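Both complexes shown next keep chain A, but they swap its partner, so chain B is in the first and chain C is in the second.
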Partner chain A sequence: MKLPVLYKIFKQDIQLIEKELKSSIQARSRLLQNASVHTLKAGGKRIRPVFVLLTAKFGDYDIERIKYPAVALELIHSASLVHDDVIDQADLRRGSPTVRSKWDNKVATYTGDYIFARAQELMTQIDNPLAHKVLAKTILEVSIGEIEQIKDKYNYDQNLRDYLTRIKRKTALLIAASCQLGAISAGVSETIHKKLFLYGYYVGMSFQIIDDVLDFTATEKELGKPAGSDLWQGNITLPVLYALREPILAEEIRKVHADMSHEELRPILEKIKKSGAIEKSMEVSNRYLNKAFAILKELPDTKNTRYLYDIAEFIGKRNY
Partner chain B sequence: MKLPVLYKIFKQDIQLIEKELKSSIQARSRLLQNASVHTLKAGGKRIRPVFVLLTAKFGDYDIERIKYPAVALELIHSASLVHDDVIDQADLRRGSPTVRSKWDNKVATYTGDYIFARAQELMTQIDNPLAHKVLAKTILEVSIGEIEQIKDKYNYDQNLRDYLTRIKRKTALLIAASCQLGAISAGVSETIHKKLFLYGYYVGMSFQIIDDVLDFTATEKELGKPAGSDLWQGNITLPVLYALREPILAEEIRKVHADMSHEELRPILEKIKKSGAIEKSMEVSNRYLNKAFAILKELPDTKNTRYLYDIAEFIGKRNY
Partner chain C sequence: MEVQVMRVESAGKKIVQYEREIRSHIYDSFVWRHIEEPVIDEDKLAVFLAILSHSDVEEQSLTNYILSIMLMQIALDTHENVTNDMNKEDSHELRKRQLTILAGDYYSGLYYHILARTEDVSFIKEFSRGIQVINESKVELYRSKEASAEFLFSHMESIETVLAEKTAAYFDRECNMSFFKDFLLLKRVNQELALLESLEYRKQEVPSYYSAMLLPPFLNGVEAIQNRMEKGIQAVECEDMANRARKVLAESRGHINNMMEKGLFG
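On to the complex of A and B.
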């Protein structure tokens, strides 16, 4: 089964989430409204809400209740991107100008604060203290991630563990929380929602590694920004860490800086691609995917478990 | 009774809160740690925790439980100041450089995010869904306040209601929430915690009006910044709104801009002070204070109610 099939099965509920997302950020201030809508539009595949819906299926699935965590998790993701772009001084995200570049840092700061606040207000519709504990811990880790990311920029002496910790905070934990919160909000037992958390964590790690690989292998059109942007901005991702193990190539990589032209960068990107770093990175991604599949084997073999299998497989094979 | 007496009675608990505040922001990143400590140091009188403690006295007072909302509310206040300074591009707060001026906007953005996240994580120690609803709504209103404040800058055509809505979001709601959350966390009945919310709201309105008056009447040393800074930065406060009712003075006020030297500003400040605007503003402040006192009359006449009377009176008479 391909992901589009999954989206088709959940079509009605995904459309409802999309509608709720839009209405959640209705604001009296037109500027805030525009900046918030702009943020959500840049959002992409809504995979966090999809994970909330899929995991809620393990319990008492009521879309009128499940919509709250589904919307909240997408809002938290969006808010963190708006602030990330302030911290990264990024001008483009998926081919669109960022809030800070379309407006300014001020607008980005308060738009992010507003969307964060709205998300947490929606979550209070779920009267389960555990849901709030999980969400609060996740947001805390994500906020620490924002900082670590800065600290590690252009730091070529970091190791694999630094990278894995960073993508855990940046991506995997929020996907893990989406899986766990969908389940918790639907009254799923602790044994199961903890497994779903782990499943989400492994899928999230794979998802981010593939994202980092695509920054080398996808086209500018697919990425919405030039290939190699991560390296150019000093984000040391997994392919770069493997490429750094080649002494001669490492010397070239260490000279990369933000004032470099794209023409100067291109030969380095090519060498990284040919170094085997992409394949090694994909191996790590696949190891995480297999761990996710192993978790699914511990769950009852139902249609819902198979949906989780399908979406993980889709994520593991995506090429854009 | 003076406030110092009140602080003396609660001395041990206030010291505990201060210790918990410090340990709440322990972070592995040294930069984040320094920026967070710097933020808390600039904090001032800790009136939000004091209100949490005072109102918790109406119920089952257990400092080991009450410390969570007490610390959380001070952290939320601090985090909002850090982001406010990004939005206002402010370099000084109470005589100290702001995080954004000591470091930069990036550090201020993530330090604020981190402190916000930590606050909400601490609050999850309180297993009462109502507490989370109150807090989430408050943070949402505060975040909307950040934006409205920008919109109204140098807008001399706003009216009293605009100003009152602004200070409600900027100050009064968080003090109101502190009063209500202290009570809710101590298991106080709905009738009482709703009255305590209202009490906090009225006291908070008075508190901010006096703050805005002091910007004209206090010395630079007391303020930690030149007198008249609000006007200079385009913050139209209550004294300015009253002064704008004098046509000739209004013409001069409308010419104020951020590039004006302090020498040029001083005669305008003097005229505002002599226009009766300060007295009229204090009348409004006193009206709010009296409303706060009226609420207290509806509460049982105990020692704890009298503490709330004392702190409101102190706030109403403070001159720094």
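On to the complex of A and C.
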């Protein structure tokens, strides 16, 4: 099943989430309102809310209750992107001007903080303390991951473990939390919501590895930024780690720096693509996907479990 | 006199203990190598302690509330240091900015993490509303073009006092709130006046709202706060708090006098 089909099945609920997202921002400050709405308008796959909805189906599914964690998780993701754009000095995201480029870094910082606080407020509609402990731990780990990423920039001596820990914190945990929080909010048993957390974690790992691969293989138009931006910014991703195992190529990669032009970078990107690093990275991604599938086999064989299978499969095959 | 000395020592000791604990949570050798070391605002800590120490909260929860509130304050203050302009070639400056935003996010994550341990979901709700109000006021103040004294006082007060106000309301400890609000607002005004003085001295460009701070309505407003505080100090039971208020009051009068001597007021 393709993702659009899945979205069609949940069309009504996804539309409701989209509507709630838009109405969730009610700032008295017109500027903050505009900047927040601008952020949410940039869109995205809304993958975190979809995971919340899907995993809530394992319990007492009430969209009027489940919408809160679904909206909150998307807002948290959006807030972190607004801050990420300040960190990366990004002018465009998904082809639209970022808050920092439309206004400035300070406005972007306040906007991110505002959206984040709004997400926390919405989340309090779920009065189960466990939900807050899970979310709080995730948010803390995500921020540690972001700091680690800065620490490891242009560090070509890092290993696979460093990379995997970083992407776990940076991406996988928020997807895992989305899966677990959907389930917790719907009153699912501990055994099941812990399995759903693991499923989300494995899918999230695969998702980020593919994202890192796409930075080499997708076009500038598809990415909304020049290909190879991660390497150019000093983020050592899995394809680069594999490419660094080739001594001659490693020598060239180690010379990459922020002042290098994209023209200078292009031949290095081509060599990385031809080195087998992409295929090896995809193998790692597939191993995580298979682990996600294995978890699903431990869950009741229902329509919803199959949807989770489909969404994982879609993530594994996505081109951009 | 003996009782008063003991009160000062006891409040002072608690503040030092909390400062130490907060520091142990936020210290990071890598991050602190690159960013300005976060300031733990002792005066705000004293206000939160004054609000919470007479509530019915048990000791461990009290510690969690104080730690989380202060961590959020530090997160908000850290994000104030995010800059706009910089030399594009300066990688140190870029890293500083990146880590400033990330450190703020981390402290904010710590706040939520510790608060979640208290299992008090209603407080998380109230507090998150407060954080929204603060950021709204920060944007308004930062981007204001034509500011009136009323506008400045309103947003500065909101930025500096909403967290204390939310805490006091939640724990039903609002008795000294107007004094605490004046105290925190005057402290903020002092910081702005100090900056204004130094910018004037260095002949640099000042933020747009600073011009409104040099006009009579603002000066009158500051004097009104000073007068209210002067009277309020008499009623403050905790001597440590009263001493802090006297210091802020003296600083405020000092700034106003200096600026009058320099002929800065219009």
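The rule we apply is simple: the second predicted complex is superposed on the first by the 319 of 320 C-alpha atoms of A that agree within 3 Å, B and C clash if a C-alpha of one lies under 4 Å from a C-alpha of the other, contacts with A are read in each partner's own complex, and residues count from 1 in each chain.
In the analysis below, a contact is a pair of C-beta atoms (placed from the backbone, for glycine too) under 8 Å apart; a residue touches a chain by one contact, two chains touch by 3 or more.
For clarity, every value in this text was computed on a predicted model and none was experimentally measured.
Visitor: Using the overlay on chain A, decide if chain B and chain C clash or can fit next to each other.
Guide: Once chain A is superposed (C-alpha atoms), there is a clash between chain B and chain C.
Visitor: On the A-aligned overlay, A:K106 touches which partner chain: chain B = first, chain C = second, or both, or neither?
Guide: Touch partners of A:K106: chain B and chain C.
Visitor: Touching A:A258, do we find chain B (first), chain C (second), both, or neither?
Guide: second
Visitor: Please indicate which partner A:L40 is in contact with in the superposed arrangement: first for chain B, second for chain C, both, or neither.
Guide: neither
Visitor: Please work out whether A:A136 is in contact with chain B alone, chain C alone, both, or neither, and reply first, second, both or neither.
Guide: In the superposed model, A:A136 contacts both chain B and chain C.
Visitor: Intersection of chain A residues contacting chain B with those contacting chain C?
Guide: 27-29, 31-32, 83, 86-87, 89, 105-106, 109-110, 113-114, 116-118, 120-121, 123-124, 127, 129, 132-133, 136-137, 139-140, 142-144, 146-147, 150-151
Visitor: Quick one: which bits of chain A touch chain C in the complex? Just the residue numbers, please.
Guide: Checking each residue of chain A against chain C gives 27-29, 31-32, 35, 80, 83, 86-87, 89, 104-107, 109-111, 113-114, 116-118, 120-121, 123-124, 126-127, 129, 132-133, 135-137, 139-140, 142-144, 146-147, 150-151, 258.
Visitor: Considering the complex alone, what residue numbers of chain B touch chain A?
Guide: 27-29, 31-32, 83, 86-87, 89, 105-106, 109-110, 112-114, 116-118, 120-121, 123-124, 127, 129, 132-133, 136-137, 139-140, 142-144, 146-148, 150-151
Visitor: In the complex of these two chains, what residues of chain C are touching chain A?
Guide: Going by the criterion above, the answer is residues 28, 30-31, 75-76, 79, 82-84, 91, 94-95, 97-99, 101-106, 108-110, 112-113, 115-117, 119, 121-122, 124-125, 128-129, 131-132, 135-140, 142-143.
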